[in-house]
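I have placed the structure first, in the form of structure tokens, so that the comments after it can refer back to it.
When the chains are written out, they are named A, B, C and D in that same order, and each has its own residue count from 1.
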Amino acid sequence: MTTEFVTPTTGASNTSTRDMLSKVIDIEGNPYKRDFPLLANNPQISFLDSAATAQRPKSVLDAQRDFYERLNSNPLRGLYKLSVEATAAVDEVREKVAKFINADSPDDIVFTRNATESLNLMAKSLGGSILKPGDEVVITIMEHHSNLIPWQQVCRQTGAKLVYMYPDKEGFLSDEEIETKIGPKAKIVSVAQVSNVLGVENPVKKIGERAHQQGAYFIVDGAQSAPHMHVDVKDIGCDAFAFSGHKMFSPMGIGVLWARKNILEKMPPMLTGGEMIESVTEDDAVWAELPHKFEAGTQDAAGIVGLGAAVDYINSIGMDRMEAREHALVKYLAEQLSQLDFVRIFGPKDPAQHTAVVAFNVCGIHPHDVASILDASDVCIRAGHHCAMPLMTWMGVHSTCRASVAMYNDKKDIDQLISGLKKVWAVFNGDK
Amino acid sequence: MAINNIYSAALMEHNAHPDYKYQMDNPDYQHEGVNPSCGDDIVLSMDVEDGVIKEIAFTGSGCAVSQSSTDIMSDLLTDKTVDEAYDLCSLFLKMIRGEVTDDKVLAKLGEAAQLKDISHMPARVKCAELGWRTCMTIIDDQIRGKKTA
Amino acid sequence: MTTEFVTPTTGASNTSTRDMLSKVIDIEGNPYKRDFPLLANNPQISFLDSAATAQRPKSVLDAQRDFYERLNSNPLRGLYKLSVEATAAVDEVREKVAKFINADSPDDIVFTRNATESLNLMAKSLGGSILKPGDEVVITIMEHHSNLIPWQQVCRQTGAKLVYMYPDKEGFLSDEEIETKIGPKAKIVSVAQVSNVLGVENPVKKIGERAHQQGAYFIVDGAQSAPHMHVDVKDIGCDAFAFSGHKMFSPMGIGVLWARKNILEKMPPMLTGGEMIESVTEDDAVWAELPHKFEAGTQDAAGIVGLGAAVDYINSIGMDRMEAREHALVKYLAEQLSQLDFVRIFGPKDPAQHTAVVAFNVCGIHPHDVASILDASDVCIRAGHHCAMPLMTWMGVHSTCRASVAMYNDKKDIDQLISGLKKVWAVFNGDK
Amino acid sequence: MAINNIYSAALMEHNAHPDYKYQMDNPDYQHEGVNPSCGDDIVLSMDVEDGVIKEIAFTGSGCAVSQSSTDIMSDLLTDKTVDEAYDLCSLFLKMIRGEVTDDKVLAKLGEAAQLKDISHMPARVKCAELGWRTCMTIIDDQIRGKKTA
């Protein structure tokens, strides 16, 4: 991600590379589905809900199981071989994850349960210790609840004010909005790199520059970006980056928080207990070094090893190739949807501006009915508020349908959705 | 069960043309029921005379299942006594949860018995129940006055 | 656990039943090891570190994997079959776990990452909202850091005082100590049911009665009891009970908190974000019903399903039988250790009073050296402070060795430890 | 590697009878090094004259590896110049981390070269390093005065 912004108003980076690559991608062919047992065993299923949670390749399931069958033991402090190897396995993944997002040091990678916990840690631990009455925390109206409620809570506790940036109708944040909302009172700016509803990529570099100019910390919720694009925390210029393993092919139960060392160092731990201390007396405790300070209690070492295998899997395919394929898929998805005159798409009009996600509604039909009827055609999509209620309110809807792709999808999956939607329409309105 | 059984022509008809979906003037009783899993709501209104439901109507928004289920219910309960209505609602909930499956017993529910298969769709059970639960709440809390008692 | 205390001073319940059963147990035979792939594949290993983390049976690994291969999807709010089935699978485990500890309702079972998080939740959420300056929180000196530092922290924040109960030299809490320390200022009493170092079972029923007499909440850290004995939260009479799956054959990354509904209802959530709300506006949020209020973000559904399989595995053997076997094993372990004149055992003198755990030191030899040399004999024990530094200080040692058993151990494992310890002694002191 | 290689007779001898384990009177330099993974400590004391280490001794408590490694170090560094001592410490750390494996190069470490196999025991690396790291800290911070510079 060294390319500069091509279209500053959209914030999408390396758009042109992606477009170029996506033209040579064959979305009819699918060399990946066979790597994913659930998809391979259920060829009838069109799984278009990867934005909620991805499927996991065999290599990840094998790695997790192998841990239990070969190394299983409590990683920290053990002196016997199993435990030493388990510790080494966890350390190795920390290095892999650091490289994956181009972080300087594995010590600044904290394993959490999910992006939600990572963001709570930032809100409670950083927010809770620096915010004062009159300060501002700036987010966007398109945040997932996990990057919204924690800030609501900490603002309430500290007397800081929560300020929302609003995009235009297509979901793009304007320079003006960024400059107006991130002012001198801003102490923390926290923004999703990719919206889990609109599918837009936010101009995080620009937001980060503005935040830093104003002396604010800049946090990026990467739950929907890390699975789909090269993430380079240095290039983004953020101070913290949060994401979930389960959305990028790893087992459930593992999330990541990266933050700059000096920030992590001054943040108090959120959870305390075993494994996160250097010493404890009856009255006092001294915290362990990074990253252990933030990892209280026995960690999910097998899940961490699974996350490492997920990173390996992505690297073995190549993020460029994955991104290009997903870009081709989501473009096809958005294009096909927009040809149905009874479907209304949310977010960017340009299909190429959607990252992996397209939210839509079928005119006059409740999204839950759409999803239920699609299920009868073995099409899996999500319907609801997508943990983004304030965005729904701002969009003037109660809920939407959402289809999302990963690189294991293909043209057939999308065609199955489209013909399923025609059936939905027919059920409600008679055949055309 | 094929999901399309649920989205039957009859159900679709109730959804498209709900006879009982309107705002009643000064109803004797009114209550808003919310489905927590989706946030949809049904505002049910009722006039009762001498223990008999004289008029029943609803507003609110929700999926086809909740809307038509409520419309079917309204049709069924009109002119029933409050006690009969309460028993029918109970029976409906039992059917939807798969606790009563005997078609002979379910015949009492009339058209509503057609919603039986929803018991196999856990994600939609709450939709089908919404109107009926709301009705029971009105009877419990407002008519029988359990809450104020 | 309906038997009353047999020996009130020790607090061990159903001792006599256990003793009786343990006599008929054949610890030379081992019908269980083959269920555990790591142990079956490594017959040379004597794994005596189950108190840190247990091994997992094939059925648990299969259940976890099966979830990923058959049901994998985000459990909440999905309308398609996969997601509906995943939701049902998680709900089923909640019921199983409720039954496992005899809790009234599955809605009062909160899934966490581990016992540490469960205890943090109680400390922050209950402690943080009720404690006032001058109040007291009572724990014992033998608590694991996970049931100690969170209380230290919340006492510091609220101005409450942390009060320690001290046992006698063998590790038994006297009635007098309980009555003296749990006084009218006590608002919360939180105690490990079984110490992870001394192996004693604390008289939790008695402590609970005293706590309730004084109007305090009573919390039990069951990390070392749930894997080894029938837990009946009603019989114990506690208000909350915390434990970790990974110490009872389940995958890592899953813990449990049970608490009485009325307490959970008034506790604010600790983490906020997706899946734990009923509604959110720009300025406010309404929490979801129990237990979801406490489960922010995507949960480790596969791990939860694994925990369910672990409960099934335990039930298939029968907790009575497991407990009796472990009792026979730990008795043999403590007896054999006490026959080595160069070994000093901590905790109860009576071998029968140890629950699964025996801590010891080899005279003049650092525990880390002991563990390293034992590792050469494929014996896995733990050495260190066992996350119980204040207890170490109180015991007047810096660290100890610790051997712990689970029902998959056998006589051979213990004999291997004993002969390993003789080697350790020989390395340092020449052959006898 | 067989772990018993580490716990060799020579090492055991240093552990049982550490020649350099005593409290020095008024040492020129002194520093406490702590091994965070176990909490053990080594307090190292040193007298330096004309750039040469004249006396070195330690107290503290720890495992056989840390104790004997420190005793061996003390023996090696006595009468060495501060610069030589520093280089030997660096070399030792490199050996322990497996970065230098050439026995010819390691010969400079004398008896300490026997600790080479600890590089295969990650859990004990910190033990072997403890005394040497503490020595380097004294040279860096107190003798060369980097910290005060």
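Here, a residue touches a chain if its C-beta (ideal position, glycine included) is under 8 Å from a C-beta of that chain, and two chains touch if they have at least 3 such contacts.
None of these values were measured; they are calculated from a predicted model.
*Asks:* How short can a path of touching chains from chain A to chain D be, counted in steps?
*Replies:* The fewest steps needed to get from chain A to chain D is 1.
*Asks:* Comparing centres built from CA atoms, which chain ends up most distant from chain C?
*Replies:* Relative to chain C, the chain with the farthest C-alpha centre is B.
*Asks:* How big is the gap, in whole Å, between where the Cα atoms of chain A centre and where those of chain B centre?
*Replies:* That gives a centre separation of 40 Å.
*Asks:* How many angstrom lie between the centres of chain B and chain D, each centre taken as the mean Cα position?
*Replies:* 81
*Asks:* As a quick test, compute the distance in whole Å between the mean CA positions of chain A and chain C.
*Replies:* 34
*Asks:* If I count partner chains per residue in chain C, which residues reach a count of at least 2?
*Replies:* 77-79, 83, 279, 368, 372, 375, 384
*Asks:* Among the residues of chain D, which are close enough to touch at least two other chains?
*Replies:* Residue numbers touching two or more other chains: 39, 121, 123-124.
*Asks:* If I apply the definition of touch given earlier, which pairs of chains qualify?
*Replies:* Touch list across chains, by label: A-B, A-C, A-D, B-C, C-D.
*Asks:* Once bound in the complex, which stretches of chain C touch chain A?
*Replies:* Result: residues 37-38, 41, 45, 47, 49, 52-53, 55-56, 61, 64-65, 68-70, 72-74, 77-83, 113-117, 119-120, 141, 144-150, 152-153, 162, 164, 244, 246, 251-255, 271-275, 277, 279-285, 296-303, 368, 371-372, 374-375, 379-384, 387, 389-390, 393 of chain C touch chain A.
*Asks:* Within their complex, state which residues of chain C touch chain D.
*Replies:* 365-366, 368-369, 372-373, 375-376, 384-385, 398-399, 427-428
*Asks:* For the complex, give me every residue of chain C touching chain B.
*Replies:* Residues in contact with chain B: 77-79, 83-84, 87-88, 278-279, 288-289.
*Asks:* Along chain D, where are the residues that touch chain C in the complex?
*Replies:* Its residues touching chain C are 2-4, 6-7, 12, 15-16, 38-40, 61-65, 121, 123-124, 127.
*Asks:* Residues of chain D touching chain A in their complex?
*Replies:* 36-37, 39, 121-124
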